[in-house]
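Per-chain residue numbering starts at 1, and chain names A, B and C are given in the order in which the chains are listed.
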Amino acid sequence: MSWQMVIGLEVHCELRTATKLFCACPNMFGDEPNTNVCPNCLGLPGSLPVLNQQAVELAMAIGTALHCEIRPSTFHRKNYFYPDQAKDYQISQYDEPLNVNGYLDLPDGFRVGIERAHMEEDTGKTSHAGTSGRIHGADYSLVDYNRSGVPLVEIVSAPDMRTADQARAYVTELRAILVASGASDGKMEEGSMRVDANVSVRRSVDDPFGTRCEIKNLNSVRSLGRAIEFEAERQITLIESGEQVVQQTRHWDEGAGRTQALRSKEDAYDYRYFLEPDLVPLVPDPEWIRAVGDTLGMMPAERRARLIALLEETGTVTDAQRDQVTTVVDLGLDDLVVEAVAGGVGSGLALARTANEAATDAEAARSLDPKTYVELLMLEASGSLSATQAKAVLAELFAAGGGDPAAIARDKGFEAMSEDSLVATVAQAVVDHPDEWDRYREGDDKLAGFFTGLVMKATRGQANGKAVAAELRRLRG
Amino acid sequence: MTGPARLTRADVAHVAALARLHLSEEELDLFTGQLAQVLDHAADVASLDLAGVEPTAHAMAVTNVLRPDEPAPCLDRDEVLGQAPSVEDHRFRVPRILGEAP
Amino acid sequence: MTAPRPALETATMVRAGEESAVDVLEHHLAVIEAGEESIHAFNLVLADSARASARAVDETVAAGGDPGLLAGVPVALKDNLCTRGVPTTCSSRILDGWRPPYDATVVTRLAAAGAVVIGKTNMDEFAMGSSTETSAFGVTRNPHDHSRVPGGSSGGSAASVAAGFAPLALGSDTGGSIRQPAALCGVVGMKPTYGTVSRYGLVAFASSLDQIGPFATSVADAALLFDVIGGHDPLDSTSLHRPTPRVLSVLDEGVDGMTVGVLTEFLEGAAPDVTARVRQAAEALAAAGARIEEVSVPEVALGLSAYYLIAPGEASSNLARYDGVRYGLRVDAEDTVAMNTATRSEGFGDEVKRRIMLGTYVLSAGYMDAYYNQALRVRTRIIEGFDAAYARCDVLLGPTAPTTAFAIGAKVDDPLTMYLSDVCTIPSNLAGHPAISVPFGPGDDGLPIGVQLLGPNLSEGTLFQVAAVVEAAAPELEAPRITAGVTS
């Protein structure tokens, strides 16, 4: 008998709008507390909400990217008291959400259903005064309403995931999609993307789902994986010892490596959802929906497929290359690879140089003029620059925010080694290491690397590796 | 068609807590009587057969009221915090919060 | 200056430089000085800021400018309308002393029209009531008889106009809170079509029902005020884009050829003297060329019950924000929940607590469909009933309130009896329709009676037209004498 996990994820995504969902206060992280507030997001008497058009567009973009059906929708009030909830109710969507019935394919092809992706407003932020900074044991709390009213989309997956790895892959891919759609900056560390996990276990796939627990406070993909695995173990242990899993919300304690039940004042909240009387229904017309779909850029899955196709044109794609493809797409650098290949650079080199070097300063790489990048790679591809030299020029381009690769190479004194100079250096290395040369000549190809390393050392990286390899082969005959 | 069960003292105590209101024993008795009377009167609504009638939440059928994503001036922080019952560090201060947010 | 001068006339004279806004204001402040102690229409008289506004109006005129349609006219504002930097209490201890950092849209429009805000008027706490007796700051007395209520919840605004403290006032109407006090105080009061006047800055009671509207001594003045405050507001999502009817220009067009339906269900619960006045108004309209019909809209009988499910439901949510965290009263406690509870328990009066609990109950799990959603279905039926009536009639006619003003203290201990005061006014709020109350002579006890005209959405033009004819035929009502401490 092997236990099975059942996992569903709820992800809250802050939208990259200029203003909040229902008022024109700036949507800005990190400003001085309570400076981005108005009667609406403070819940002052007499205030009224007005819906942000751009927030709707981005919510629709998310729905499109997740293959959802975009429907007429309404807003409801979710009523509960809490200091960070300025009106003591949240305006959300209840039984008529904007996006329903979509899906997300993990990179390995596994499909996770998306039940809904709806709009709602964020709360303010509380900080707790006490020794731990955590809510328990705090003497009092302080509330900042800058975040109150920021637009959120809550994405609820179907309980389709069965392993912690799938959950991690889901969050990683979802984040990439949210960034690619323009809806989010994906900064989990700033809280612009928050994940809650619903976990249950069952003895076999034929059994119905077990009682689930919700886990909150997952601040990274790594925490997500650890928490799910801990929670599944905890539930299995409970059931195997004859006890029952109690449906509850649990908090992940990263330091202790465990989930803990939360003490909440009310056992079950009665949110008394009712239609928000201060707002009217949202009915996007087909033209609007189509326009959103048309302007949506390529999603990560398509981008990865595009690079794989390029690689497949010139040979089999290795696992290492697949990883490089993922890295490059994650960092938004895949357009650079495509431009380079279009400019005549080999796909393998373009991919490698982007995944390894350009990735070290992805932001600089994204702002670099693609033509400059292609020029540099062409210098390397043609043999004018060695790999080492090309990397140095790239670093320079990043630091300066652009430039002329050929000019930089000249300034640094990078000249291609003359043919004679290269031949002489190789010959010297051969003479200095006769035993290794014999073995290489007899077919031990691995020693090509040994000799290349010697030549590189002797020329302080100036030699072109491919040219050295070609010379060695020529000498061998 | 019968309506829902009659309002009890326990019901009133429950909703008072939900609404963050404290009632004395006398108030609980008084309000239960008064509210039950109002709901009895409203039983004529509760017991109607209105299956198939659409509820009207908004008197006027309007849709898609939207605003452009353009910032407007915010409130002056001092003016806002000047009206707050308790302030520390430019934030609203509240006594300890016992439970996590839902 | 003895008899109240129409606001329209005052504004015209001030704009023309024939009258000084400061003089107009001083006259009204003197009347307030003489009579306010015995009436208590105001929570706050704004003498200093009003003087500054009046001076500014006069300076604009002197410089050759036009201060606007309400130039120099004093206006009293119900104390649930946000006025920047000026206390807005909703007559509740929980907001005692709270100064909003912003103005309601209607307040901004009044200022742009040159009006002079003279004070914030008393009301039932958070607009919940029909007599102004639930105010935390004491009752307002009916200027016609100080032992009687002025009606509610806009009792202070109605009384201030009836007493001559201001020619114009604004109130809010959720279940009749403008029209009923207007009838009880012998002034004109009107509730517009839902969505024609912005609710931004009106402290919410029941969001799908609340509307701001005018009080005045004449139909023409009410029309003038409505024209100034009405119109689309981007800050209110429920504000209509369709042009708000401009009514001042149509007042003289008469009722020839119109059909007026006398609403039989409203007459059923009315006192005989009230019914008599309604019949008299119908005769006057007939004499002016209208066709009179008896009309039955049986659905309106369910209005009271539906209202007392919908309004408290929305109110319970709208009033959750009064939690002692960001503004208003705070009663300290060990933890936030205890603080919320102590604050709200001390800060809210009994009627507000009743309605919050009732609303919480009808929205709660298990009861929502039987009560709240059911009430929304009844609302559909009421709209259908009215629509059928308006297929045959241009406007409907009936009483505003079932009786004249009752005695202070007569109904406070019996909420259900109090709620029955609104039976003729509630259906219009549920349907979103406009309605106006026009004074039509005294009852048997000498106290004012108002007759009510109802119309379909956006029929304000027609309503005011008919109201003007009714007003012209109205029997004399003795004006209250305002002298310090004397009952007229």
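Criterion: a contact is a pair of C-beta atoms (placed from the backbone, for glycine too) under 8 Å apart; a residue touches a chain by one contact, two chains touch by 3 or more.
All values reported here derive from a predicted model rather than from experimental measurement.
A comparison of C-alpha centroids places B closest to the centre of the full protein. When chain pairs are compared by their number of contacting C-beta pairs, B-C comes first. Centroids of chain A and chain B (each the mean of its C-alpha atoms) stand 40 Å apart.
Centre-to-centre, using mean CA coordinates, chain B is 24 Å away from chain C.
Spacing of chain A relative to chain C, judged by their CA centroids, is 56 angstrom.
With touch defined as above, residues shared between interfaces to two or more other chains in chain A number as follows: 39, 42, 50-51, 81, 83, 141, 143, 265, 270, 277, 279-280. Multi-chain contact residues, meaning those touching two or more other chains, occur in chain B at positions 18, 20, 57-58, 62, 65, 67, 75, 80, 92, 94-99.
With touch defined as above, residues shared between interfaces to two or more other chains in chain C number as follows: 98, 101-102, 208, 234, 237-238, 320, 323, 325-327, 336-337, 340, 360, 364. Of all the residues in chain C, the ones that touch chain B in their complex are 98-99, 101-102, 194-195, 208, 234, 237-238, 240-241, 302, 304-306, 308-309, 316, 320, 323-330, 332-342, 344-345, 348, 353-354, 356-358, 360-361, 364, 366-367, 370-371, 373-381, 383, 415-416, 419, 430-432, 457. Chain A contributes residues 17-19, 24-26, 32-39, 42, 50-56, 72, 80-85, 123, 126-129, 135, 138-145, 216, 249, 251, 262-266, 269-270, 275, 277, 279-284 to its touches with chain B in the complex. Every residue of chain C that touches chain A in the complex is listed here, in rising order: 80-82, 88, 90, 95, 98, 100-102, 104, 199-204, 206-208, 234-238, 313-314, 317, 320-321, 323, 325-327, 336-337, 340, 360, 363-365, 368, 372. Within the complex formed with chain C, the residues of chain B that make contact are 3-4, 7, 11-12, 15-16, 18-23, 31, 34-35, 37-39, 41-42, 44-46, 48, 50, 53-60, 62, 65, 67, 75-76, 79-80, 83-86, 92, 94-99.
Chain B contributes residues 18, 20, 57-58, 62-72, 74-75, 77, 80-81, 88-102 to its touches with chain A in the complex.
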